[in-house]
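Think of it as A, B, C and D in the order they're written, each chain with its own count starting at 1.
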Amino acid sequence: MAQVRKIINDPVYGFITIDHPLVMEIISHPYYQRLRRIHQMAFASLVYPGAVHTRLHHSLGAYHLMGLAISELRNKGTEITPDEELAAKIAILLHDIGHGPYSHALERKLIRGVHHEEISTLILELLNDKFGGELDLAIEIFKGTYHKKFLHQLVSGQLDVDRMDYLSRDSFYTGVSEGVIGYDRILKMLVVHEGELMVEEKAIYSVEKFLVARRLMYWQVYLHKTVVAAEKMLVRTIDRAQELTAAGIDLPVASPALAFFLKEHQPDGNFLRHLEKFCQMDDTDIMCTLKQWGYYIDPVLGRLSRGLTDRRLLKIHYRNQPFTDAEVQEKRQEVMERLRLNEAEATYLAFAGEAKNTTYNPANEHIRILFKNNRVADISEVDNALIMQHMAAPVKKYYLCHLR
Amino acid sequence: MAQVRKIINDPVYGFITIDHPLVMEIISHPYYQRLRRIHQMAFASLVYPGAVHTRLHHSLGAYHLMGLAISELRNKGTEITPDEELAAKIAILLHDIGHGPYSHALERKLIRGVHHEEISTLILELLNDKFGGELDLAIEIFKGTYHKKFLHQLVSGQLDVDRMDYLSRDSFYTGVSEGVIGYDRILKMLVVHEGELMVEEKAIYSVEKFLVARRLMYWQVYLHKTVVAAEKMLVRTIDRAQELTAAGIDLPVASPALAFFLKEHQPDGNFLRHLEKFCQMDDTDIMCTLKQWGYYIDPVLGRLSRGLTDRRLLKIHYRNQPFTDAEVQEKRQEVMERLRLNEAEATYLAFAGEAKNTTYNPANEHIRILFKNNRVADISEVDNALIMQHMAAPVKKYYLCHLR
Amino acid sequence: MAQVRKIINDPVYGFITIDHPLVMEIISHPYYQRLRRIHQMAFASLVYPGAVHTRLHHSLGAYHLMGLAISELRNKGTEITPDEELAAKIAILLHDIGHGPYSHALERKLIRGVHHEEISTLILELLNDKFGGELDLAIEIFKGTYHKKFLHQLVSGQLDVDRMDYLSRDSFYTGVSEGVIGYDRILKMLVVHEGELMVEEKAIYSVEKFLVARRLMYWQVYLHKTVVAAEKMLVRTIDRAQELTAAGIDLPVASPALAFFLKEHQPDGNFLRHLEKFCQMDDTDIMCTLKQWGYYIDPVLGRLSRGLTDRRLLKIHYRNQPFTDAEVQEKRQEVMERLRLNEAEATYLAFAGEAKNTTYNPANEHIRILFKNNRVADISEVDNALIMQHMAAPVKKYYLCHLR
Amino acid sequence: MAQVRKIINDPVYGFITIDHPLVMEIISHPYYQRLRRIHQMAFASLVYPGAVHTRLHHSLGAYHLMGLAISELRNKGTEITPDEELAAKIAILLHDIGHGPYSHALERKLIRGVHHEEISTLILELLNDKFGGELDLAIEIFKGTYHKKFLHQLVSGQLDVDRMDYLSRDSFYTGVSEGVIGYDRILKMLVVHEGELMVEEKAIYSVEKFLVARRLMYWQVYLHKTVVAAEKMLVRTIDRAQELTAAGIDLPVASPALAFFLKEHQPDGNFLRHLEKFCQMDDTDIMCTLKQWGYYIDPVLGRLSRGLTDRRLLKIHYRNQPFTDAEVQEKRQEVMERLRLNEAEATYLAFAGEAKNTTYNPANEHIRILFKNNRVADISEVDNALIMQHMAAPVKKYYLCHLR
């Protein structure tokens, strides 16, 4: 047998098996390997030192869950051809391929005018060319244009394998064990009914637990105030660098690719020609640059950069009501006086904003329960539901961030 | 109470508690924070994608185990003062502070003439100055000059908390569950007898298991042939870069600090004045530089660098007998012809060497068993020992590495 | 040192340490050892085959958590004397000492007129006599009469170590991983304020998760319909046996102690004189008797008993509305015809009832959150609470159980 | 679809799936359900309180591993038909069906003249009759007469799924985490070569770890001196009961089935007619009887029985040399004087013996390694083997057991 068969150790699932040559080729491609150098959780490791896992690892994990999900659905009689299986697996493997350095934090900041999902699509199409059209079906599933809707819902939906993997993996690597979601049980309860992905009645409690675990992960980890402070600092660091650059200052930058996007790139509706350059960047370009900016003469750029490399973060306060202009202004004034900065400069070191998360929004999210009698209901509508209408409103927290 | 008390989540141990202001200050120091950017296992993540944890995380873990070990010994009547406890904890916290980028792989290559333990000592002394002598006792324990020998043995010995943490942590993050060592049971069995660290009789099987697990981790992970191939490639990449530099070529380098050590630094017996610069480097400087070298015109530097960033590694063979000159030469010839290189160049892409590991060497290692009747014996001498004399000889494997 | 120190392996917590001679003596007492033979989860193992752990193991686990809780509270400045610590640990160690065979299922059935907590108190006092009054303080804490209220709240309250252990242990042994509650984080967040046990503000999400996990464990495990069917069958089996006995039939019973409580014991307000006999019973008396009744000539007793020993359970239906008399009657009629029974007999094999559980009832439960500004609020009253007023109403499910 | 599909939660493997009606019927049979009441580890729970899992759970686990093993072998090109798969699964499911109460301890004691594997075969044949010959192939595989030898080797051999499950499960339930064997990796490395089961070359370290873990489990758990003391006490309790019975004394016994085997049964070469009675017994008959004997007038029977129910065990010493007759006699003398017993009686309470275990015996055990070049070698013959010739000799420990 000329069969490909590679087994990858994964602390979360034990083993991940790669058994198709096309999957192997995709994984071996430099664009995919680049994901080794993009952290899944950006600056969360400043709070949870174990959370240094990568987007490569996450997407391999999601690929593994896709295999389990498909196998479960087939056991329940849903027809999925080998081609569809392969395509769905490739779609999830590549769902994050368009992420840039410190993805969520820097999105729309470093690369203006282009969303990471557009970049993903561009890269998918580029790879499709390279692989002679073998990714056609994967792209259809990714975009949601394929007629078997449930395959797209597995890639991107309320109970998709992306979420299942990142919640499982992030809770594993942070050590926040309450974030554990019981992905295996939910997978066992998935079912396709009238072409749509649903869960069986007996999964109700597991799905409730899933939503509550997600809520907990948001507030305890993803929107942890220290993590948010670091991400906001990074955004402001890039802002400041671009401002200084615009003023004609030639800042040191660790790589030509990052230098291009920081200093030259203008959105022009034709991102395709910058794609190769984009794919040369990852978290190391940013971090290696921040280390140099930490010694730079501009006090704003220096403080922010050193703050990130040395974990000397701005102080951040959370509360349920917005901070008033006066409150923000007071902090800014302090900064101006202490560091002898003007107000524009002080704004980089004292600012306010909001963080929000919605536990479950039945308006645009749909976790459908299939009852034994074939009735279908949204999880927010079942008797004695824990997940209720009032959860549709996002929970907001307001923050004030300032120099210590 | 003005008590410091910080709880850090750790997926391996649950929680790590920091409860002394000096420990907090050390952890907050930029030299320590730098360890966030040095991977504990260098290129092992090319085989085990989960193994991306950092030296910061490892040293926090070892610090945690030190606390447990001290508490166990105290429960058994060994006197350890609060100052000694603090010092031992600081010694282990800082035991890896002198590691540079891709530590084991690049040691003695990037910084010639200085060993990482010398650098650790220099940094410890520098920090001691900064902290007004508060690290005196920690340094004594670190160096092994303190009269309570067992404290040094906990930092660096056959059953030290360094090994216990790295074996536990590395097996956790790689997912190689057979590497699990049962650190908690061994800790419970530690005992101090006549000033030396030993284990109680009933720990024999656990210690055997520990040694076998370590043996397994070496051959399955640390000396995994793919990992070894990557490390050897990195060494040769640096060699080639230094050769090209010596030939007057000005290679791009991501940071001034790395540029200094690659291009200018000469061992001069006074490393202290370069320490600050040394501490600006970490894995990101190397990786960000490799990405640029991957596009460089020199085919040797280009292939090696791209090989590391894109995981297109040299092929590697392991066997129990050395490869002959003829075998190596044959591979070199192939490379010369395929890439039109001269022999010196081809040597970078086809070479041989050896990897070795000793399971237990009673000549210089000592795991002492304390029997109930107060008899002390080396573990290799107990009845029915699994760990025998013949294990004193190192197991060697010979490799041949060459372009695919 | 004449110190007692025994380490017990526990798969849930790693190690449990016994380090006081009085605790050791209590554990060694036959009344405590009897708990080895009472399953923690009665018939849950018919659904979850791993759930065969014992009340002895659970109470050792709760004892372990009590130690951790006390140590945390002390670290936060709450004064707890060594005597109080010992007493609190003993109180929790013995909190289940009064359980009889198949405790929850058979309570108030086998021993009429006496509640298991009364029996616990009687046994505690008996042991206190034996140990020369050394259990005085433990009894005060157990009963809630000791002035440091929080100690009783740790034994029996909304966040007591009893619940923390049984939820952790039951989810561990059933393999229902979503039931995991993160006991370690909650313990770290406990605090005593104005003499009462509370949790710190940052524990809100963990406590929410705890309540949701408990809710899940109730419906997925404790009130799993198959488990409920088995428990109801056991109750009816005992009913039938007592009815036959009352009719003068001399049923075989595996032990004299069980024979006494089945055939002779009458509630007389003086249970103390039966205590020794009571403590001779455990799950094996019941199971060994059921095996004999399975061959007995009475078809009702035979079917019920064999159903339990051979896992041929009655069929059970759950729904949100009560079953009507007509529905129950129909099933009963079927049984009467099939087995040629009279209606009274058929009632044992076809019956209805209800199972209920309350997620969080702020009326009588109190999980208090201590905010940073020293404000105290019930968890149901914090902003954006998941745990709301409407959860005060118990969730009820109605069942209909009948011969297949 | 009339498909059977039942998912069972297992804390060790997550989920076990039953997907064939015949397997379901076998599991539902009272003979199989009886295994719920036989502890896998007999008295090990006296030392490891978590180790109360049952033979039913173990055999379900082994069945699960058989499915994984077969699926791996098929992936590697070994042909295994669906009928063979089903038969191999049934063979392992029923491999322990012949165990009686406190199996290993009481074997050849309670049922004299018949080995538990003979009883297993008898029961297999009885079930085969009941199921109309559907177990024919399973019986062939069980007995080792089927031409595909590797299927029998999976049921019973050096790397069979029975061992893999019991080592995994026993280490899980005892909490002796060093016993963990990495079953999943070994399963991935299984291969069939020339009709025999082997492991691939790269599994060498895992198999070494497996053997060392097994060695550890033997000495730390199965042959733990306290466990051995309890088992020897049980044997002597039965001996004494049979002696008293032979002397005409009518001891109380909890069940008619146990009474028959204790008092009446004589080996007569026709065990088949006692099979039904045999299958009525389990651990509860013994335990419920011991509780009654604990109050019996005979001091030997009383002490031994109470010792087991109340965990007041005989004292046991282990050493590497046999105890001399004089040493044993001295202890016996003490007992005679203290309890005013004659020598024959004292022998029950003071006796010596031996416990032994062989790490790896290449003479009759064969773990074969398949090298990449198709060479096959026994694991004890590979280069640098940890598992050596000298391990062929059993390790013996000698014990002396006596009243405290």
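Heads up, the rule we're going with is that a residue touches a chain if its C-beta (ideal position, glycine included) is under 8 Å from a C-beta of that chain, and two chains touch if they have at least 3 such contacts.
Which protein is which chain? UniProt says A, B, C, D = HD domain-containing protein.
Every value quoted in this text rests on a predicted model; they were computed, and no experiment measured them.
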Those chains that touch chain D and also touch chain C are A, B
More Cb-Cb contact pairs, comparing B-D against A-D, go to B-D
Maximum distance between Cα centroids and chain B occurs for chain C
Taking each chain's mean CA coordinate, chain B and chain D are separated, in whole Å, by 43
Chain-centre distance (mean CA atoms) for chain A and chain B, in whole Å, is 32
Chain A to chain D, mean C-alpha position gap in Å, rounds to 50
Touching two or more other chains in chain D are residues 14-15, 184-185
In the complex, the residues of chain D that touch chain C are 8-12, 14-15, 28, 30, 33, 36-37, 45, 48-50, 52-54, 56-57, 60, 172-176, 252, 254-256, 280, 283-285, 287-288, 291-292, 306, 309-312
Per the touch rule, the chain A residues reaching chain D in their complex are 1, 5, 7, 14-15, 19, 75, 77, 184-185, 188
Note: in the complex, chain B contacts chain D through residues 177-178, 180-182, 184-185, 205-206, 208-209, 212-213, 215-216, 219-220, 320, 359, 383-384, 386, 388, 390-391, 395
